[in-house]
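Quick one: structure below, then a few questions.
Naming follows writing order (A, B and C), and every chain is counted from residue 1.
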Amino acid sequence: MQITKRANRKLTIADIPHVGPGTPAGEWFRRYWVVVGTLRDLYDIPQAVRVLGEDLVLFRDPDGRLGLIGQSCPHRGTSLEYGDIEDGGIRCPYHGWLFDVNGRCLEMPAEPKDSKFCGKVKHLAYPVRELGGLIFAYMGPDQEHPPLLPNYAPLLERGGQRHIEPVRIADYNWFNFFENSADPAHVCILHRHAGYGQQSWGNHFFSYKEMPHVEFVEMDYGMKVVMTKPGPKPSTEFIDEMSLALPSIVQVGDTEFVHAKMDAAALMQEGSRCEHWMFVTPNDDDHFMLFTADNYFGPVENFFERLKEMRQKEMPIQEVKPYDKRKYMPYKGNIRQEDIMTQGTQGLLGEREEQLGVSDRGVIKFRRIVLDAIATALRGGRPKGLVAKDSAAKPYRLDTQVGLRPIG
Amino acid sequence: MQITKRANRKLTIADIPHVGPGTPAGEWFRRYWVVVGTLRDLYDIPQAVRVLGEDLVLFRDPDGRLGLIGQSCPHRGTSLEYGDIEDGGIRCPYHGWLFDVNGRCLEMPAEPKDSKFCGKVKHLAYPVRELGGLIFAYMGPDQEHPPLLPNYAPLLERGGQRHIEPVRIADYNWFNFFENSADPAHVCILHRHAGYGQQSWGNHFFSYKEMPHVEFVEMDYGMKVVMTKPGPKPSTEFIDEMSLALPSIVQVGDTEFVHAKMDAAALMQEGSRCEHWMFVTPNDDDHFMLFTADNYFGPVENFFERLKEMRQKEMPIQEVKPYDKRKYMPYKGNIRQEDIMTQGTQGLLGEREEQLGVSDRGVIKFRRIVLDAIATALRGGRPKGLVAKDSAAKPYRLDTQVGLRPIG
Amino acid sequence: MQITKRANRKLTIADIPHVGPGTPAGEWFRRYWVVVGTLRDLYDIPQAVRVLGEDLVLFRDPDGRLGLIGQSCPHRGTSLEYGDIEDGGIRCPYHGWLFDVNGRCLEMPAEPKDSKFCGKVKHLAYPVRELGGLIFAYMGPDQEHPPLLPNYAPLLERGGQRHIEPVRIADYNWFNFFENSADPAHVCILHRHAGYGQQSWGNHFFSYKEMPHVEFVEMDYGMKVVMTKPGPKPSTEFIDEMSLALPSIVQVGDTEFVHAKMDAAALMQEGSRCEHWMFVTPNDDDHFMLFTADNYFGPVENFFERLKEMRQKEMPIQEVKPYDKRKYMPYKGNIRQEDIMTQGTQGLLGEREEQLGVSDRGVIKFRRIVLDAIATALRGGRPKGLVAKDSAAKPYRLDTQVGLRPIG
């Protein structure tokens, strides 16, 4: 009912950043599986995690089952972050209540032996699935019948080199990050300092002076940004794409060529390809987690070790003078720090004032797509990016292209 | 009138944690003398202290009189925490107004010599008494006729070894701490890690597998928790008691045997006894002070030095792995840290969700006793724990038993 | 309209501390030029500055023009604190919009070459003027025709030694500082610890026991505090004055003699004089900046170097005992720290309780003068301290006297 009422008032872009329980964007977000952790960062202790404004605990029981349950013990509130992982599940330190990954209470040591109370307690628990090293949870309605977890291609495909980065944490709104990929102009401008090597694809393709031609294409999963430039022959063009899949996945197609600084043309002719997916999960309205999954197909051995070495060298090139005490300094020359500075100072969409131009038509279109998806979810429909049951078995791809292609 | 109105609405457990001026529990709390400091921690400088949500300054004037007055100078607000203690009282640094321990203004150096203004200013001041090293204040109505300060036995009795600990400060609600003693099950469960020595009373009496039998007895002063286990002979039983006296005193009877790790049975036969009282004083709804007074009767010399040495060795036994960044780690193996972790993460009574069982009947009963006392105080009656005038001269005892007794 | 409504309700002293946009005191304050920075502290990077509750960026473009513009880029909100200062103005790092010191947008690199959008965007920008090393801004109505910047004498006069101190920042309300100068009693009392040398003017004139006679004179610019004491001959008197000019300027007349600790009588006979002006600019209701401009006329060479050396020696004389953890300790013996302690703990005027006496008639009168000025400004009139057009060309003086004068 609450949701119905909300659906009746007009949604605006000011609704998009807010994802807590009961908010329009929060209800919409809960229709999808969201990434809540990685296998590589989950140890043998409970992991407190805030997701969409809810305080939860992620853990793996001794049988390897994953659980995501309410952080506060339903008995008298002590944090299960300090629980003991034991056979069967996680045990509250205060009075020893034992919960399994489904939130069922298995033991209450202080209750009478013949008590039936234990069977009546059901703790908050969300379905959890692992796929290719990422841990997904479903926090929406009808948890007995969650949607199928999409077969995200880079998490499933074999034959390439796969890499999951340690989670990155940011202290600003998730949508500032997400919609940044609907805005290709910033790549040519903000990232002009990033020091792409002479021969790199990025430096070649993005240019402050000669920006690529851009189109924004609405997709089943969300939106694709298609950037093109004239190719070496009149019958060819260079292409670089970025995909934004709802609720919060970004694929950018140029990772290898930007960061590994190799001979882009040569590699593309060899058929090299690196899928670079980023899954954004809001902790709340002011923080988000960023999970990155890469899959590389090509001839370079130990590609991700090489990439890591290159990134470590990619320090900001900016001189910081002794009197310069600005918080985000230095940032120029490191793409990630450039993004954090700009997005971290933007404030909240819908609260900040904005004046948008032609070059903002990507973010304008994308916000409209997101608002449509929220409205669809609130009406009970299937929002963009949520895989239909009959196609759930298929690989979920964002066919983001990078390279040279014939025209027409 | 405000209070009358409040008394007319139904009190709930959500009222208990809130102790600011004008709140139901705050008005109730102000009917008692509360501990605001210790002689050992009070130096020759003013001591800022927040009590029940009021910002005050505690000091001792050159004649040795204790004062507890409003922190903000009534003239133009400067903090009397920076006042100079001088003959007569405390002098505001800004314009030199001098206040005595009763809040009377004695001097106003900048006013005309013949001014009568000084005599008209009465600063907020509460009656203060010292007893056995603890400093008590009365912040309730009718301050000309405060209730008699109870003759708390461990602060008065001679012949034993007495010890006042330095104040401990906590950053969570006072009632989480207080009602924890109405919950004996946690001793067997949470504190199972506390590493009681093989021969200790605690280890012998409290057991995760074989919990003691428990009864909760309403008392004049509040409630007593009576725990028993079968004794060595059929005609005997072991007993261990905890007392909760309103508004906020706890006596646990097993201190010596838990912490000093001596041969409990032998010592009890010798007649050893250690009274361990804890006085809880809320600073506000999120912080409290814990004042501890012990009185030991028995053959061990320098008992409290020995106890201190033992406590220093009582480090948490918990291994903390390199990836474990949890705030309260390590806690297992140190009773106080175990309590801080569980109580500090509980949240506020009445705001957290709870599901209570048979083993929670102690806290359920105790909350009812506290609510009755609050209601009594708001009606103008004498709440539990407030000593009647005619029995005020008697020692105030919480006859908390520990040991072996014949079955009756 | 909003302002009219506010003007209709009764102004009280509780309005004075609040200077945000739309508040009565905030609207009044915006009728004057306010100091927002100093030339000596402005480097070749943008300087974020909060003024009267507004987040702004101060910068100097390559042509030397000063700008004070909104911190948040009007395009999509990124902070211009990280902008690049370039020919023409300051460029937003995100999409390269270039703004000049007047807020005009000069370039939008990502917009189509033939776009007219650039010409339509006008960013928030306030008029800025430099005078004698201080940077002033006008943030009030009718910015095309701001009031004339007063010819503040110490910033203009030639022949003396001029000195601008680095800005000082305080974390309490600006009016606690400002009205402190309407209260001469505190000099005799609070600052009795400041260790004036034996021969100093301060020590001679101000005395806890024999306070000077005081009068408070309403002036065109605000108020003057006139303190007198009998002179060496019956026909003479010593005089020391402090001036408070609206909205927030203080001149105290005794700087040289207090701090430089020279033979006051001798120097005054020589005609030495040191104008010591302090300009207070609220960042918001809890913080302010203090800009100090001195102008010395007299025989001492390198007067301000000597003064600086003397100040560095002027350490608090107060012993701080090991158990003394009070925040502002030590403060006694350093005038500035004495002021910070007293004013920083006062709380907000209108929220704190006060009991005022005869010796507070200066602050009482001054608050009334300020309230009258606020009311005048809200009615659209010319409040005290705002220079009339026809006298704008004249030097703006606060003729604060210090020394010996004939009586009558």
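Keep this in mind: a contact is a pair of C-beta atoms (placed from the backbone, for glycine too) under 8 Å apart; a residue touches a chain by one contact, two chains touch by 3 or more.
Predicted model only: the values in this text are computed from it and were never measured.
Residue numbering shows that chain A and chain C use the same positions for less than half of their mutual interface. Rotation angle, chain B onto chain C, C-alpha superposition: 120 degrees, expressed as a multiple of 5. Each chain gets one centre point, the mean of its Cα atoms, and the points for chain A and chain C are 49 Å apart.
Under the contact definition stated at the top, not a single residue of chain A touches 2 or more other chains. Those residues of chain C that touch chain A in the complex are listed here as 43-45, 48, 72, 74-79, 81-82, 93-96, 108-112, 115, 117, 121.
Interface residues of chain C, counted against chain B in their complex, comprise 185-186, 188-190, 208, 211, 321, 323-324, 326, 328, 331, 338, 341-343, 345-347, 352-360, 363.
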